[in-house]
Amino acid sequence: MEKSLNWREFVITRLIKASGYSAILFVALIFFFLVREGIPTFKEVEASSLLNIRWYPIEGHFGILPLITGSLIVTIGAGLVAVPFGIGTAVYISEIAPRWMREILKPLVELLGGLPSVVLGFLGFLVLSPFLRVFLDLPTGLTALAGSLLLGGIAVPTVVSVAEDALDAVPRAYREGAWALGATRWQTIWRVTFPAARSGVLTAVMLGVGRAIGETMTVMMVTGNAPVLAVKLGSLFSPVRTMTATIAAEMGEVANGSTHYHVLFFIGMVLFLISLGVNIAASSVVFRAKKRAERILS
Amino acid sequence: MNRFIPLAITLLVLVFTVSCGPASSSAEAASDSSAAYIENKGSDTIVNLALAWAEKYQSDHPEIRISVTGGGSGTGIASLINGTVDLANASRKIKDEEIDEAKSNGIEAVEHIIARDAIAVIVSPENPVNELTLKQISDIYSGKISNWSEVGGEDRPIVRLSRETNSGTHVYFLETVLRLSSKEDKTLFSMDTLLLPSSEGIIAEVRQNPNAIGYDGLGYVPKDLKTIAIAEEEGGAYVLPSIPTVNDKSYPIARDLYMYTDGEPTGILKEYLDWILAPEAQQIVAELGFVPALLTPSPSP
Amino acid sequence: MKGALPINRHVAQRVGFTAITLMAFATVLPIVAVVIYILIQGLPAISLEFLTGFPHDGMRAGGILPAIIGTIYLTVGTAIFSVPLGIAAAIYLSEYASDTPLTRTIRIAIINLAGIPSVVYGLFGLGLFVLFLNFGTSILAASLTLSIMTLPVIISTAEESLRSVPQAFRTVSISLGATRWQTIRRIVLKEALPGILTGVILGLERAAGETAPILFTGAAFFLPRLPHTPFDATMALPYHLFVISTQVPEMPIQIQYGTALVLLVFVLTMNLIATVIRSRARAKRQW
């Protein structure tokens, strides 16, 4: 009896340990596959031609620069939407709203995070782009702007929940100290609480941006998918083509092992590395902030 | 918590029963283990026609199951090369490189012309322009002409809409219109051409945007959109696309629609293809706005 | 000096609070508007036939049953793979792991998995499950792809849940002679279950609504019958909505909105269940 119990415990513990390591396994596996299918690009395409400004794969033009700028401009636009609204909402929920309002708002924001991207894309091209075209007098409403607005909406719940946690985590003593010194609640929020939660809020923004850069269906349905080099401010009001939409739109047609196939995996690799970079930056911010806090408290 | 587990299990069992039990469609009633399966994939231009055919054929032959998927001509041909599909739909001819690649996989692509299609160039009903020459359309799409006033319309910027590069329609338009069928011509679409992932995207945008110009198979153009009459040459007659003008070749941009198989088809695949080329199926072709293959004695490749 | 005139400070606060409040409502209002709009536009399409019938007439009429069933299959499939693995990994991180570089690497890996774009998961699923392991375009390949995508959500919420169980529970159990695993299974896990369940449901909700990962791994445009084995491809609600709103000509707009509504209801119901579980657990909590 004793022996079988120990043996079961042993096996289960081993399984649990293995599960723990599985996350690393999957990340490595994903990276491995992306690299395995993406690296052959360099055997078949001139590395410098990847930096061309024309993307027309069926005729051998593999310039990914327009795709990168497309993703960038939509993401930056999304950030401009998600950051103020996300942080503002987080501040409202955590510092200003009465308790009953919090209980309503928090689930509502979470709901936004659950809306499928294809539904938002669907409404986007049925309702949002025509509206933008008429309202802003543009040639077409299928633009980076439409994508940014929707992506901002998708990123907001991430920003709100992480930022709100960060603001919540600021010890009450900070606020009370400020009030005791005569500061108004408003002044306290912006001069005391917010700076104290700064690293958490930064993490929230980075995670939200990470979410935006990775969106696929929504951008594929509303940004027009034109592979233009988006480097001017006005590009926000023109159609663009993102890396994610390119993969989704073209992956189905490629023959296994063709050059186009490899280039698409290469783009996937680029996306993976970008999100890796953002995440490492985000966690190092938190890490460094923790160390600073430890120094202060000790 | 423990109360929920039996509830969840009951729900799951219900779901599986619904799915495995007799469903409302009569085609489902046949025993599936003995059903023969045909996988049909490819061109988004052909997909709705293929679906209509599949539905009719299955209702007459309940022991056959046909699954239909889109994805573009490129997708269908790629699947044929990978050996994952029985019937590849393509709105463009298979390329030489693709034939070679198929051969290296042991696949021999055999072509069947199953219908014909006119490419309609469409604009918003609010657009005053009614006619264009082929060259004008080529210049519009390559970026040389950017304002409607240059072709007799209002002073509005031209918003160019196109299908995605994996679409056979796109490739056909590139070769026949942009490059005016010249093999040496290397003209490309203007970089700011919107590449929409589907026909409906183009239709929806053209319908409500007076600046837009688009193109697609005639079978996809609803009645409320304006089709441009096209003259092959400057000074020639402007012709609207229709079954007669495609058949007498007066409409300049019309093409064959293909299905490719691995080798000559046998068994149920052969029966299906024979049925497709028979009058009953070709009637469906006409109903959907395409041009029946049988009426034109088009030369086989 | 800002603080010198008390009136200025309070006016600033009034203005500031109003602005922030407006901002918060501006964020939330569109959500409500979207749901209500789809509800209004889609409700006319909903009928028993719509929910239980097969599509007819080139999918322009009839029902969307295969898409609904397909999504259910995919969600269940995702749960089968991601839930046990995710909870086990969370147990490891919460109960067994110490703060070593290895553990920190695991955490970074989890954050990274969470950040990978959904279409990259689709590529990965295509490369590994569909092609390399030769599962083909199948429910199996799609579920596996979706489960790896769902894993980080389940692991982080489950871990947080486990961690929130007071240490006292564990120490008492050990002091009574239970082994570590017995403690986890009978005490910690049971207490953390509502939180874990919430995380699981939220993770599955996301998997149910995703299109990109299933695009090349399992989704089909039209299938004449329901999938019978995990190796069959399947229709699915998000992909179906994408297809009928973009690929099929003359698709009645009502059916599009109806499909969007069904997907929305599916997803929001899961959200609701998760929220209810969480608040009820919080109320019942004894610590």
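Chains: A, B and C, in written order; residue numbering restarts at 1 for each.
Just so it is clear, contacts are C-beta pairs under 8 Å (C-beta built on N, C-alpha and C of every residue); 3 or more make two chains touch, one makes a residue touch a chain.
Model, not experiment: these values are computed from the prediction.
Asks: For the pairs A-C and A-B, output the one whose chains share more C-beta pairs in contact.
Replies: The greater number of contacts lies at A-C.
Asks: Based on mean C-alpha positions, I'd like to know which chain lies farthest from subunit A.
Replies: B
Asks: What is the distance, in whole Å, between the centres of subunit A and subunit B, each centre taken as the mean of its C-alpha atoms?
Replies: Inter-chain centre distance comes to 35 Å.
Asks: Taking the mean of the CA coordinates per chain, how far is subunit A from subunit C in Å?
Replies: Here the centre of subunit C sits 16 Å away from the centre of subunit A.
Asks: On subunit B, where are the residues touching two or more other chains?
Replies: Residues 71, 197, 201.
Asks: Give me the residues of subunit A that touch two or more other chains.
Replies: Residues 126, 221, 252, 256 of subunit A touch two or more partner chains.
Asks: Which subunit C residues sit where two or more other chains touch them?
Replies: 245-246
Asks: So in the complex, the part of subunit B that touches subunit C is made up of which residues?
Replies: Its residues touching subunit C are 1, 12, 15, 18-20, 23-25, 27-28, 32, 35, 44, 47-48, 51-52, 54-55, 58, 65-71, 84, 197-201, 203, 219-220, 222.
Asks: Flag every residue of subunit B that touches subunit A in the complex, lowest number first.
Replies: Listed in rising order, the residues are 71-75, 77-78, 81-82, 98, 101, 156-157, 159, 164-166, 171, 186, 188-189, 191-197, 201, 204-205, 208-209, 211-212.
Asks: Show me the residue ranges of subunit C that touch subunit B in the complex, using the header's touch definition.
Replies: Residue positions touching the partner: 49, 52-54, 56-59, 63, 65, 69, 72, 76, 136-137, 193-194, 197, 220-226, 228, 233, 243, 245-251.
Asks: Tell me, which parts of subunit A touch subunit B in their complex?
Replies: Counting only subunit A, the residues touching subunit B are 53-54, 56-59, 61, 66, 125-126, 129-130, 133, 139-142, 220-221, 224-229, 238-239, 241, 249-250, 252-256, 258.
Asks: What residues on subunit C touch subunit A, complex-wise?
Replies: The touching residues are 3, 9-10, 12-13, 16-17, 19-21, 23-24, 26-28, 30-32, 34-35, 37-38, 85, 88-89, 91-93, 96-97, 105-124, 126-128, 131-132, 148, 151-152, 155, 179-182, 202, 205-206, 208-212, 215-216, 238-239, 241-242, 245-246, 256, 260, 263-264, 267-268, 270-271, 275.
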